[in-house]
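Each of the next two complexes has chain A plus one other chain: chain B in the first, chain C in the second.
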Partner chain A sequence: MTDLPDDILRPFLISLADDELVLGHRDSEWCAFAPMIEEDVAFASIAQDEMGHGRLYYRLAHDHGAPEPDALVFERTADGFRSAVLLERPNGDWAYTVARHLIYDIYDDILTSALLGSSMKELRDIAVLVRREERYHLEHQSVWVRHLAGGGEDSRRRLETALTRVTGEISGLTEEASWHAPLIEAGVLPLGPEEIRPRLEGRLTEIFAPMELVVPGIRTGGGLGGRLGHHTADLEEALRSLQEVWQIDTKATW
Partner chain B sequence: MAHQIYEVFLQTDRGEPFAQVGSLAAPDREFAMCLAKELFSRRGEGVALWVVPRGEILSTPLDEGSLVAASDRTYRLGEGYRITVEKRRRLKGARAS
Partner chain C sequence: MTVQEVMDVLRTVKDPEIPVISITDLGIVGDVRATEGAVEVDLLPTFAGCPALGIIRQTVERALHDSGAESVSVRFVNTPAWTTDRVSERGRDELRSFGIAPPLAGAVPCPFCGSERTRRESAFGPTLCRSVFYCDDCRNPFELMKPIILEAGDR
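So, the complex of A and B:
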């Protein structure tokens, strides 16, 4: 491991964690509302997984000088978050939830697969753990998307609408930030946003082309700003709900 | 989506028998397998799953006692043999004294 300054490592680790936390929070909002009871249990479990992955990255960030994971989650305001704007959007309908999740899972698959070769041992270890569960997520969302695409007129139309909305903001996942270049140079991040983008595009075409679903250009440039802390009112709304109980008594012992 | 009931069987370890762990409703086989993994094997509970449409399972009539033995034949069990040996040993001991 090279002697990379902590203040470059920290925002990167926090951006990885924030993505997982914010999506996990949105997932958790389906609890008791998913289309069927089996899905409800499965999706709640996925929500827990995502938040669990977030905690792994937060802990590592804490080891490099960031506040405790609880403080990072419950005491930051929206402008401190480094997550992609796409992930803070409200769930909308089930088609949007599933389409967004699948696309994030593919992005995460490409990213964590690269992290297996990171020069930083702790990141390699996290990637192994995360990928063990992400395999299930990817399969789960793929099954759903195939069923929505072939389910009927209404579900297909909803999926198409969802894909248009999601792809309009995909660029935010691979938004460039100041920490990327030094991390790539140090081998901590073996794959930069520039290299993830075409891979993501390739994987999406592989999945959606056989279903004759058009994936609108993913380099729309929409949904940017998240990595720099520029968010929409949607994240503020999500954080109000996520941090509500903590804020009642910040000194309480849980 | 028309749902069907599937029975789920889990093998806890290689070489162990598959045991029924629950059931679920799913619109087709692909979904059934996907949900079975999510619901029954996400916490390292086992190493393999069988997912079977309930209608495909051959079953004895549930309300008939057709599998209940008509008379007590416990003497034919291994347990019964051990008791017999023990009795014989006690009997010999009683004669010898």
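So, the complex of A and C:
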């Protein structure tokens, strides 16, 4: 257990969950539209996994005074979300989808690896569950990036364009918020955004250098605002679709 | 009910996505507490996003009520983490009889002809817990229960 006040823990846990939910929603949009049927299936699975991880964090947030997970997902407006702006962007082409996912998965790997050492037992337990499944995502996206980099001229150019776009907004993942300092102080979050950033850059160079791809420097200041609830019209559009059925009859039981 | 009686009931509850294997053989039953009329069951989620979890919980509750338990509480707990090491030997046989190779890292024998000339087509299959394989000998596609393990550093 931790002595931290719930109002510091809650926005942090919700930010973790929102990242997973919003990317999971984008993943689900490939179902029936992916370039091949295996990828329809893969992205449907990956979407379910990410949303499942989100649910673990939402439940923990609920244990600390937040509304029920369903209410958090279906009844909040965009300004209540604490996810990174990068993750709300439409899927774009396959290269953008894969590049963004791989980079998010690496960030998630660094973060959950650190959470294994959290002072909060419930977070350590969740990190173990998430990591069991995430290695399949990392493997999948890494294979795709290699395919794209080693494919034709068009696929390589698309991957380069995608990397430029993603790295332009990547700093939204490690955007500082008011909850970080007390969480780091209490050992709940063993690795702060400042320390995650260089590790993320290092891992990206490690992956892309052998493909002779230069990762454009992570643009600091790009894609900020999400952690504080400032989003783009892209999140509003995503939420209209995600919440559409719920909003038809908010009292229906399932 | 006694804990033993509860376990006997749980053995009759099948996984809705792989209806040959019971939840006890799947290894998702954690702590079970039983007193006079009250029964508490802890279940371990397989995959965090598995859509069958709610159905499994309802089925367990109904089965225990039908067997005479007055008050039943079934909850999912996050620890210990479920891994495919928890699938019993009988469960592995049942998976094979259903055409699903039991979870194995390394060479995966075809559940139909036993050949090891098999290859993975995709890590992701029709449910979160299955990967798609192909057998180069009997030329059947088949599925593998996706191995879920804890890496050394993750325990």
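Convention: the second predicted complex is superposed on the first by the 250 of 254 C-alpha atoms of A that agree within 3 Å, B and C clash if a C-alpha of one lies under 4 Å from a C-alpha of the other, contacts with A are read in each partner's own complex, and residues count from 1 in each chain.
Just so we're on the same page, a contact is a pair of C-beta atoms (placed from the backbone, for glycine too) under 8 Å apart; a residue touches a chain by one contact, two chains touch by 3 or more.
No experiment lies behind these values; they were computed from the predicted model shown.
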* Asked: Overlaying on chain A: chain B and chain C, fit or clash?
  -> clash
* Between chain B (first) and chain C (second), which, if any, makes contact with A:S45: first, second, both or neither? -> both
* To do: Kindly classify A:G151 by the partners it touches after superposition: chain B alone (first), chain C alone (second), both, or neither?
  => first
* Who does A:L56 touch here: chain B (first), chain C (second), both, or neither? -> second
* Asked: For A:I126, is the partner it touches chain B (first), chain C (second), both, or none of the two (neither)?
  -> second
* Most chain A residues touched (candidates chain B, chain C) -> C
* Asked: Between chain B (first) and chain C (second), which does A:E139 come into contact with in this model arrangement: first, second, both, or neither?
  -> both
* Asked: Is A:V245 contacted by the first partner chain B, the second partner chain C, both or neither?
  -> neither
* Asked: So, does A:S113 touch the first partner chain B, the second partner chain C, both, or neither?
  -> second
* Asked: So which bits of chain A does chain B touch that chain C touches too?
  -> 38, 41-42, 45-46, 136, 139-140
* Structure fact -> The chain B residues in contact with chain A across the complex are 1, 3, 24-27, 30-31, 34-35, 37-39, 42
* Write out the stretch or stretches of chain A touching chain C in their complex. => 38, 41-42, 44-46, 48-53, 55-56, 113, 116, 122, 125-133, 135-136, 139-140
* Spell out the part of chain C that touches chain A in their complex, as residue ranges. => 45, 47-51, 78-79, 81, 83, 121-128, 132, 146, 148-151, 153-155
* **chain A residues within the chain B interface of the complex** => 36-39, 41-42, 45-46, 136, 139-140, 143, 146-147, 151
